[in-house]
Amino acid sequence: MLHALPLAESLAETTTSLSGWLTGLFSGTAPEPGASSSAAGIIVASVLKATVIVLIVQIGMLYATWGERKIIGRMQDRLGPNRVGLFGLAQPFADMIKMLTKEDITPTAAHKWVYNLGAILVVPPAIIGFAVVALDRNLIAADLSIGALFFFAIGSTAVMPIFMAGWGSRNKYALLGAMRAVAQVVSYEIPQVLSIVGVLLLAGTLSMNGLIHSQGPIGDAFPGVWFILLQPIGFVIFLLATTAEIERTPFDIPEAESEIIAGYHTEYAGIKFGLFYLALYFVTISASAVGAILFLGGWQPPFAFLAGIPGWIWMTAKTLALVFVFMWLRGTLPRLRVDQLMAFAWKVLVPISLVNLMVTGLLAKLVAGRAPLMVFGAFTVANVAMVALLIWLVAGWRRFNAARQITFERPAVQAVGAALRRGAA
Amino acid sequence: MLDLAALAANAWLVPLFTALAFVIILVQIWTGRGGRGSAYTAIAGVAASGAYSVVLFLASLGGSAAELSRSPAMSRTMDWLPLGDGYLRFGILVDPLGAATAAMVGIACLMIFIYSSSYMGAEFERYTDPTSGEVDRALGRARYARFFAYVSLFATGMFGFVLASNLVQALLFWEIMGLCSFLLIGFWNFKPSAAQAAKKAFMTTRIGDMGLFIGIMMLFAFLGTTDYASLMRPESLARLQAIGPIDGWLSGMLGYEVYIPLGGVSVAALVALCLFGGSIGKSAQFPLHVWLPDAMEGPTPVSAMIHAATMVSAGVFLIARLYPVFASATVDHPDQISGAMYAVAAIGALTALLAATIGMAQYDIKRVLAFSTISQLGYMVMALGIGAYVAAVFHLLTHAFFKALLFLGSGSVIHGVEHGMHEGHSHGGGQDAGAGHHDRQSGIPGVAAADAHDPQDMRNMGGLAKRMPLTYVTFLAGTLALTGVPVFSGFWSKDEILSDAFHKMGDGHMIALVVWVLGTTAAFVTAFYMARQVFMVFAGPPSTDAAAHAPESAPAMVYPLVVLSVFAILLGLIGVPAAFPVLGPLLGGNPFHHYMGHLLSGGAFETHAFNALPALASVGAAATGWGLGYALYGRRPAAARSRDPLASVIGAPLFRLLNRKYYIDEIYDATFIRGSVAFAKLNAWFDRRAVDGAVNGASWLGSRGASVNGWIDSRIVDGTVTLVAMVSSELSRWMRWLQTGRVQQYLLLAFVGVLIFLAMNVL
Amino acid sequence: MEASIPLWWYLLVAAALFGTGLFGALSRRNAVGVLMGIELMLNGANINAVAFWRYIAVPSGAGLNGMDGQVFAIMVIALAAAEAAVGLALIISIYRNRQSVLVEDFSTMRG
Amino acid sequence: MGENWAFVAILTVIALTIPILGILAAMVLAPKRPGTIKNSTYECGLETVGDAWVQFKVQYYLYALIFVLFDVETVFLYPWAVAYQSLPLLALFEMIIFLLILGIGLVYAWRKGALEWI
Amino acid sequence: MMEMLAFGLVAGVAVGGAIGVVAARNVFVSALWLVLSFIGVAGIYAILGADFLAATQVLIYVGAISVLILFAVMLTHHVMGDERSNNRQAFLAFIVSSSVVAALGVLAYRTDWPIRPADAGGSVVTAMRGDLAGSSAASTAAQTGASTALTSTVDLALNQDSNVVRLGQALMTEHLLSFEIISLVLLVALIGAIVIARD
């Protein structure tokens, strides 16, 4: 796990040179007012940018798989891939080759078009998400004025391929798996979105750069504090909801091996299965990137004096940290039962996020325009209070359940229980 | 001194007291407590209003008489009837004429009420309960109280009429008096003759009232007002004059032309005559006098009050009140006698003489007095006709007193004779029951025999002077006053009239000559029949037992007689002409003249020099009358005579003529009554033939129409109904195709509509 | 970026969408198909709204900041969502009772 | 502004090409020996029973339903959040009312058991 | 020029999708075409400059409603035998709808819409920014003073001229009533659907 980090760092270095070149390219496209570069120029620049993004993401994804297996391995006190290449670094490439070369079996009963399209359409949403990820001050692919919203909109389109896969493969279990997966993804999208509204409220804008600006010491935007400090609860909910969106443990019911074969991609083999796998990792990375932007202040250094280090380093570090968290979760938490999973989304996360949102709204008005420290103080107080309230509620709920539990057993057992107690007393 | 204005302002209390009494008596009757109580209530009522009016009269006598006459103290007037643009006002007008007459009415009525409280005593025993046979006292009490209720109402009517400020209001009270006279004449309604007389009285006065009513309406139509005050104003009178003669077509009556075939008569004269018609009816002047003698059927106090003192004089009062209207009929100077006044004077004179002559040949004591009243009223009207305004009013007042006195006297005589008859029967047992009872034949064919049981027939009387001394004395005083014996009130007032006539004769007025001549002969005849009456009733031996046993009346009846006799004697003194040799200056130069004279619009009412001739002439006439009366009736007792001495003098046929009142009743009966009956029969026939015929015809037509209708209905209407049914069923079948229930089809149709709409827009 | 797109293009596209949606709604036998048609029609209307927001001059002072068109579109989207939800729920419950989802079979109100 | 959207469009195009390239590559590289058994739908080795599109419980639909309505709610939250600081305090209460009303919906679904996973 | 091209592309996608919905035999497939059409419409919004609306369109229509529709299709899917997808009145419907389209098109073309003057030239974006600055300064006046302050503070590097802020203000102030009512509508829809759907 540790050395994985420097590895990420080294990876980052190689990209700096690339980034230098890239920034020139990107800045070229910075939308100065009035700069009306020719249409052709735009297209070419866009294509170049897109390919660069895809490459980075692809490599990132490969080494993410590698990283994950190394980390999970370490967590489970085993080594993880170290045979292929130095420290198993070549392992991802080996996997990729395997994917490409395995036979791609298409069940005859499957609805040909929908089956194939499902596999294909899984990837684009994952990739398009990266358009709004802001690496550095001007290093953003498409600085949309509604960046955050765009990301979640694209996220929500990921549901469609799952359904197509499930239905297309004409397999009862696949369809059932798809239905479950969709239900889960859909259910967790609401808390995810609700959790970040608090952030938007404080930042007052949807565009990624705007968000980052309002968080860091650089630039004198309003809160000037990382939103994670102001919105800890929001961050936690966002994290949980995103893990569910990505169908990673502990919310990985859809392709839970132990239950319904492989979920919606049971009928998929070879590269199509690879595509699903690839899309998953893409989303993980993009989600953690957005998470970093929303809560950890993107390319903003934690403290003013650290402004020297270039922004994108901060950005990559924070993203990798979040990715590590996801892997960490996978390594440690057991899988949730389906009904608990669904109940958790609607009955716990949504209410909490709503309450958090209201409190944030109220506080935003109270401390509007104050100094970052004051803002931070007020919010921590509120958050601590909310957490305390939550704990008290949960405790109360557990006691209530405990009392109810006894009454459920059959009368005979109760009689024996009562006798025992009498004896004991 | 008494504050005249305050008194006048509250003068509306006068009619109110008696009205209150009337209501209280009604309550008493209703609660069953009639009897004496009601009498006392009535007396109290009339006493109150009488006292008030006397005080009012005395107050007006004071110096302010002059301006009182000019600007009568109009008391509060109340808006009574909304009349288009204004209101008909209901109020009280106090002027010398009104005040004096009210006082007279007050005093007279008071005496009569007291008198009748005992006279009507007989009512209690009169009624017997048909079932149980014994006397029905409750009914008696109720009838007694009923009498006093009517009388109080009558007093209210009279007071109201006298003090009325408005012609319509006067008409109202005038009608009340008419009603009361009808009720009182027919008081003993179980007597058919009384009922008949009441109806007759009411009908005849009604005819007169029609004239009055038309007169009032014309006044209102032309002058727009009926208030005395505004009527009397010179400019309204001038306006009346200006209207000029009616050329037959009278426009303005409800917007369309009315042709009145009275070409040539000026409107003013026409109005005056109409109003005079009313007084002819009420004061029983010539054409409409027939009801007064029959009105004697009522109880004597009634006759005394209504048919002597008050009601009948109301007609004269009306002419006096509206004198300017009559006088203005003359175009130029008020002194002239206008056409209207000519008519008035003529009728007055004629009535005076006619009534007097009939009076001579009557046997019923009250009828004689009735005819005497008619003739005296004729005197007043005659006086007004020739412009002797003050004399007429003066005679009105004096006549009221002595005529009331005479009537009450006759009442007491009748009362006495009745008692005499009862005692006669009771003492004598059946003595003259059968054989003795014989009707004294009149000896003159056509003249009714004296009914032995009729207490009013003078032939059953005689020699009552000794039996009823007080009644005799008072009756004698009344007779002397009536016949114009000097010193007595009658002389002053009647002489006043005759002297004015004489004076006017001097001015060359032909009518004045007629008036004077007829007046003087009437005076002679009056003296004669009064003397005849006195002698038949009081002088000589009693011709029947009843007369022999007639006791003096009760004190309650006699005392009023005494009071009235005092008035009869002394009242004349206030009107002694200033120029009268001895008494004139002594009595303050004719104060009555000054008091009443100012009422005339002319104001400066000149008094002409006293001329002895007319006075002497009238005294002479009176004396000869008395002498003749004594000669024929005084010496020999009436009982012995088989025939009326007068008949032997003037001959049976003439006597019968007079006795039968010139057969006027029969003439009326033949002409009007039978005529209207015939007309009614004709009407009935016409109705039966023409109207029924038309109705039957219509019904036949109806049935034919119905059948045609039936045919149409069956053909056409049913046809259309089936057609409609068929069309709607067709339509519904076609519509069913549309109602498929498929949503998409509806949507399709909807968008077809949209399409059409778009097409309209686009193309 | 030079020539801006004339307004009526948008209106034309919207009309096209609306028309196809209408055809779908009218001709589809499957109730869900009808619903899809309706969704298309709604989208057509939305395009119109946004196009008008974008092109039509906002009378001064009318809207606070002239965002009426967009608000209109958002409301329509929200309504379409609600409508789809309820509509499909209806269809499902009818399907459970009638075992058929063809519009023709829903012609009678009873039973 | 336009460039961004152009970039997004182009990125989607490229994103689409990648899986297609992958599949094409697989077609080229991977062996293709279709076999009836191999191509049959995999049902833990058992014979497939009945049709794949079997009836499902309404439960799934309910989740989607609630999701749609709450998704619309979130859409309305965005503009509010963004414009929040420029709006008076009243905006907070307006939003609280909005959320409460929809909260009622959530509570109703909760009580009625629409959220339970059968 | 590029803009026209983009518009043509996107419009083609939208209308093509719509035609796909109508033409598809299988309901499931037509649902997928519907999704494509939704994406096309989102594109049109993007070109029109309504970026928030484009994202909303994607988020709700593609993300939520299509899922709903697919669920519904799944739940009501009877035996495969779906012979005829169109009913008898298809032809008549075609005529009516095509003529409606034609009429609307002509109407659109012929009426002279009161085009906003600020839109003289330049890309949609510049127009947007110009009018944003102009109108927002003029019309927002006191009420949204803070918002203009807000945009001015953030340095220009950021692409801050999104109209989401103005939309938020409009929703919260001018169209507050519809905002609250839409929450009621959603509530009612939720409860109604649950009651109906739950067997």
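Of note:
Should a chain be cited, it is by its letter among A, B, C, D and E, assigned in written order, with residues numbered from 1 in that chain.
The rule is simple: contacts are C-beta pairs under 8 Å (C-beta built on N, C-alpha and C of every residue); 3 or more make two chains touch, one makes a residue touch a chain.
Please read all numbers here as calculations on a predicted model, not as lab measurements.
Fewest steps needed to get from subunit A to subunit B, stepping only to touching chains, is 2. Common neighbours of subunit A and subunit D, listed by label, are E. Compared on C-beta pairs in contact, B-C and C-E come out with C-E as the pair having more.
Of all chains, the one whose CA centroid is most distant from that of subunit A is B.
Averaging Cα atoms per chain gives one point for each, and the point farthest from that of subunit D is the centre of B. Put simply, the chain nearest the middle, going by average C-alpha positions, is C. The distance from the centre of subunit A to the centre of subunit E, each centre being the mean of the chain's C-alpha atoms, comes to 28 Å.
The distance from the centre of subunit A to the centre of subunit C, each centre being the mean of the chain's C-alpha atoms, comes to 33 Å.
Distance between subunit B and subunit D, defined via averaged C-alpha coordinates, is recorded as 119 Å.
Centre-to-centre, using mean CA coordinates, subunit B is 109 Å away from subunit E.
Listed for subunit B are residues 744, 748, 751, each touching two or more other chains.
In subunit C, the residues touching two or more other chains are 1, 22, 26-27, 74, 77-78, 81-82, 84-85, 88-89, 92, 103-104.
The multi-chain contact residues of subunit E, meaning those touching 2 or more other chains, are 1-3, 47, 49, 51-52, 56, 59-60, 63-65, 67-68, 71-72, 74-75, 87, 89, 92-93, 96-97, 100, 104, 123-125, 129, 144, 150, 159, 161-162, 164-167, 169, 171, 173, 182, 186, 189-190, 193-194, 197, 199. Counting only pairs that meet the touch rule, the chains in contact are A-D, A-E, B-C, B-E, C-D, C-E, D-E. On the subunit C side of its complex with subunit E, the touching residues are 1-5, 7-24, 26-33, 35-37, 39-40, 43, 46-47, 50-58, 60-61, 63-68, 70-71, 73-75, 77-86, 88-93, 95-96, 99-101, 103-104. Interface residues of subunit D facing subunit E in the complex, by the touch rule stated above, are 1-2, 4-6, 9, 51, 53, 55-56, 58, 60-62, 64-69, 71-73, 75-76, 78-87, 90-91, 94, 97-98, 101-102, 104-105, 108-109, 112, 114. By the touch criterion stated above, subunit C contacts subunit D in their complex at residues 1, 74, 77-78, 81-82, 84-85, 88-89, 92. On subunit E, the positions that touch subunit D within their shared complex are 2-3, 6, 43, 46-47, 49, 51-52, 56, 59-60, 63-65, 67-68, 71-72, 74-75, 77, 79-80, 123-125, 128-129, 144, 146-147, 150, 159, 161-162, 164-169, 171-173, 176, 179-180, 182-184, 186-187, 189-191, 193-194, 197-199. Within the complex formed with subunit C, the subunit E residues making contact are 1-4, 7, 11, 14-15, 18-19, 21-22, 27, 30-31, 34, 37-38, 41, 44-45, 47-50, 52-53, 56-57, 60-61, 64-65, 68-69, 71-73, 75-76, 78, 82, 84-87, 89-90, 92-94, 96-98, 100-101, 104-105, 108-109, 113-117, 119, 121-125, 127, 135-136, 139-140, 143-144, 163, 166-167, 169-171, 173-175, 178, 182, 185-186, 188-190, 192-194, 196-197, 199.
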